[in-house]
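Listed next: structures, encoded as structure tokens.
Next come two complexes built around subunit A: one with subunit B, the other with subunit C.
Our next item is the complex of A and B:
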């Protein structure tokens, strides 16, 4: 009898403790400052998905404490916020943001063994050294660019391509892989130009690329500079002569809003579903945006989808960690849950397209890219519509480790 | 003087006394107490708070350098972040083969050589034109790094130091270790600064700043003085950059852009140009301003009422930091051009005669 009472008391105590347990998740990014047009919706996506996860009790017996911090796109702020979190409420997983800050934090992230899902898809984040705990939610910028080159090759052999990239490590990430891919595909990279924000007149750039014989321009940038180039190409009548396309942060509703009808025909490599598609993640996105009174700009933003996807992966990993390790959710168990997210255990939240094998998000110890499938979409009538089925760039795997 | 500890003013009767590093004993005691306080301060702080202190002290070293170039010699430089970058990249490249106590001075010397070269236009141009020349250097630096595969084209180069004299340095003690290293280097740099500028070289800098032709007529060499001012200022910047590289465990070019140079100049102005105390107060003020504006901005973003009264499409929270930054600089230039140093001076002189008034 006494033993039974003790057991019941212990079970009750355990239940009470389990009910009261919290688990921390940290996101820091540029809600204000440079690139806040990306960071704002991305952070909102993380925040809203966290609220939803708590309401739905997606991690049974746990309350999710999501900290969303604004680093203003300043690397020292990112470092401070990350270290503050490690000191005060150690997160089980970290959702990062910018390329520079993430590259800089790599040694520390590796040292503290913190599973990290950055918004940046710079390939250097998952390349050695110090790459063990980095997980890209979608295919890298380099893979997106190589995939666009493969797409070009389907219709135009020996194409002449110009790369227009952001003047930063974020932009430059793709150049080497693009050159190697061009060599294998028989294409020619006629020029590589760096263009940042404030590119109000791109006449000289476009004339030079035209003179160099460029048939295609591939952008690795954010939407603002690309929109200006598209408008100038239209003004100069080069929009029909030179086809323009870009990686994930170039396109989406931001580009349509900024470039207007000059965006027509722009090709965009993206792993995400668009808002017009009937996918579980997108339906949830619409539902949450309405529920939490998000503006139309945020709802329409692919970055809102991206933030939700990152949070969804993190929370799913926490949930699996709790299931697999008897309610222990910390950086070690979440890491194990992430690298076990493959095969029959792959994750399918419905924010990104699946590969031919039907896998949306999967990770292994050595394959740290989540959504490996991507599509090429084209701007038509003020929205992006897919022009390819989801595919995975086979060539990228060859040029990544030649 | 019969009792130097009761001294209430500076009663200097010789040139030697006039050039002493410390004006009186009370100054020595206050410096010692300040150093003791700084030594024990990390014991009461979290690691991430020590990180903030580290940033302040590192920027203080860079601002000290800027105070030689701009504060003392009057040569406006908006390239101090680039000099920091030169130091940081030198450290990044040499760290795998050299210990940190060699790489950091090496970073300083490399920056000094570059500073000497960058200073050459100062022989011919002044004021705004010189500022533009340094601005050009700042942009060239970022451009060169972005196109150098050896420098990872601006992406991160890891700078890791795991061990020092048997002491293992890791996540737990990294910030504390570098705090004491930075503090030690700062003290050395301040002593060197005071020692350098109290002598004829310091007076030559002031003379050249006030009127280089008159300085020339008095037998000084304005050209050499200006080049030395640039080289010395850059040396301080290079050392600060080297320390920053170790502290951040990696070098990324984004840390050394024009905005950082402008921030350093703002720190020098707000602190008080040409002063040691100002070089410490300026970075502290700007960094704390940044921290509080960050909190305010986050609060504004999350406050439904603020959001409801803000016109659609206007992002006040985003504008808050640059706005406060600009406003602080303008207000200081208008109302307190001598910077926080002057407040410190007034406070000190008040307490010197306390409880008696003048």
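Our next item is the complex of A and C:
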């Protein structure tokens, strides 16, 4: 009898060992609610990459348990989801979303030492204090906007620029850096306007900016409001007079779908490869979208790419933590794996561009931006095509902390 | 001067969208004294139904719009039959709470559909650009909003002044018991009010979709944005909703054109006054004329 019990117990143990251990990853973001046009595809990207990671056993001996939660862009929901996860699932890494919620959670994230990769690229997330565990997958919004201003300076000296931003911390993130960059470039910020969704008519806005002498409008927003402004500019004939451009969440397939041919000529700063390019990450994205029956809108969305990149970085860090720390995947080891992701150990999933030879994603203890390269792309014939090589904004480093 | 006229016309066009969205609100209040907090959800459902019929069923957009308006009217009728009929005679606050609950339920149901996330656009059914006259430009979707509002205003004015049902609605609004005692079917009146409110909400949603694309939150936000307009015009006045809507639209246009620039000049991050001004007007109106410009002033004898 004793022998039988021991045999059963050993068989059970063997079964458990064969199945491996479970490690948790949490993403919470706006699958519904404001900015869900970004959050929906982003969440899908996280979800699909997690499924792929489990199928491919990217973390040997571990089963990845990815929890994807909808916070509806409500900070209290995000906080509740995060605290619940801390109590119950104890995720090894957290993939965050909105600027507001991430800024709010920053002290708590630091307190519990949770490595965090937010969708928001607000520079304040990686600026002190409480910034140790935050890692931006791509260059910050501020760097993207300053890079666009440098791009303007290549062709137009002393340009007059208007900023049109989302009425939120996400939108306002770039204003101070843009003002400082303008001073150094000899440009003038003629006006800063806040425009949210539901902008049914932008005539007054565009005429006011035209009257102020704006030659360029730089948007820091999501695609919906920008598309409405582009359509109104075309109707008023101001598209020929004022060149419009924007940071990463303004552009992509959503903008082209919403604005139609009014999007032609729009300039877009993005660190991601486009769907037309032959990059390993993009090829994987196409493959996974087909495999998991994602719609064409999701497949075409840069936000789907962005979600996959965030998940890829997180899962790679978990894998490296397991390798380096003898199968121990927790907040501390994942953090160590992230800050060791540089030099010959940099990560190259093929979703984002890079200015450094062969290095796509790298982090150190003090350098918490993954893909530092970005390109300017232009909407031509219904798709975005790159008009610059990948570059980093030298000026941004000067104006970041003057 | 051209700028001023352009801003005025643009404001009127946006105001007509608010008016259209506010009409359903007013109809329900006019007949039952109920404030429908699910108005934005009706707007969104109407617009998404039109999209689904046009894109998925591949009907011509105008036919899809017409069908969506009828279906949303049916939804309004159904809501009244299922949720509100049994509340006839109950305190108004109970009915209002039901509409808040209804808004939440409809929100949740929409989130379960593909429309809960992302942006959608109707297939092109209006010419691109707009009409230009003397340097003033109005887009075709905006003209559609103005046209819809004018048609509904004329129809409702006739309906409430001349038709038996319209007069019955006014009678029910004045005094339910008295109306019932002369043979008016209060239940029929309520059902009709909700159905027509659904119809106008769908019309508003379709126009908003044509102007700026379809997004659940954007559409629901329009339903809330009309509060200042209908309170300004008078909660129980159809012409009031139109005038209130237009005033709010013009005010927003002018504040963007003239006020935001001033904010920028004094070093504030400019913009956004268009979101605040309607509520400033709302507060002022509630202080000085709580029944609105055209609303019925109720005098209670003690």
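Just so we're on the same page, the second predicted complex is superposed on the first by the 381 of 402 C-alpha atoms of A that agree within 3 Å, B and C clash if a C-alpha of one lies under 4 Å from a C-alpha of the other, contacts with A are read in each partner's own complex, and residues count from 1 in each chain.
The working rule: contacts are C-beta pairs under 8 Å (C-beta built on N, C-alpha and C of every residue); 3 or more make two chains touch, one makes a residue touch a chain.
All figures in this text were calculated on a predicted structure; none of them were measured in a lab.
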Open item on the list: Taking subunit A as the common reference, can subunit B and subunit C both be placed on it without clashing, or not? Answer clash or fit.
Closed with: clash
Task: subunit B versus subunit C as contact partner of A:87, first or second or both or neither - done: first
Open item on the list: Looking at A:192 after the superposition, I want to know if it touches subunit B, subunit C, both of them or none. Which is it: first, second, both, neither?
Closed with: second
Open item on the list: Looking at A:33 after the superposition, I want to know if it touches subunit B, subunit C, both of them or none. Which is it: first, second, both, neither?
Closed with: both
TODO: Once the structures are superposed on A, label A:104 by its partner contacts, choosing first (subunit B), second (subunit C), both or neither.
DONE: first
- [ ] Once the structures are superposed on A, label A:168 by its partner contacts, choosing first (subunit B), second (subunit C), both or neither.
- [x] first
Open item on the list: Touch test for A:234: subunit B only (first), subunit C only (second), both, or neither?
Closed with: second
Open item on the list: Which partner chains sit in contact with A:224 here, subunit B, subunit C, both or neither? Use first/second/both/neither.
Closed with: second
- [ ] Quick one: name whichever of subunit B and subunit C touches more residues of subunit A.
- [x] C
TODO: Scan A:203 for contacts with subunit B and subunit C and give back first, second, both or neither.
DONE: second
Task: subunit B collision site on subunit C, chosen from 94-102, 130-138 or 166-174, when both complexes are overlaid on chain A - done: 94-102
TODO: For subunit A, give the residues common to its interface with subunit B and its interface with subunit C.
DONE: 31-33, 36, 167, 172, 194
Open item on the list: If we count contacts the way the header does, which residues on subunit A are in touch with subunit C in the complex?
Closed with: 31-34, 36-37, 39-41, 164-165, 167, 172, 175, 191-201, 203-205, 207-208, 211-212, 223-224, 227-228, 231-232, 234-236, 254, 257-258, 260-261, 295, 297
TODO: Sort out for me which residues of subunit A touch subunit B in the complex.
DONE: 31-33, 36, 69-70, 72, 75-77, 79-80, 83-84, 86-88, 99-101, 103-108, 111-112, 122, 124, 129-130, 167-169, 172-173, 194
Open item on the list: Under the stated contact criterion, what part of subunit B meets subunit A in this complex?
Closed with: 46-48, 51-52, 55, 146, 152-156, 158, 160, 170-171, 175, 248-250, 252-255, 290, 294, 297-298, 301, 315, 317-318, 320-321
Open item on the list: Which residues of subunit C touch subunit A once you look at their complex with the stated criterion?
Closed with: 3, 6-7, 10-11, 13-14, 17, 111, 114, 116-119, 121, 124, 128-130, 137, 139, 142, 208, 211-213, 215-218, 221-222, 225, 253-254, 256-257, 260-261, 264, 269-272, 275
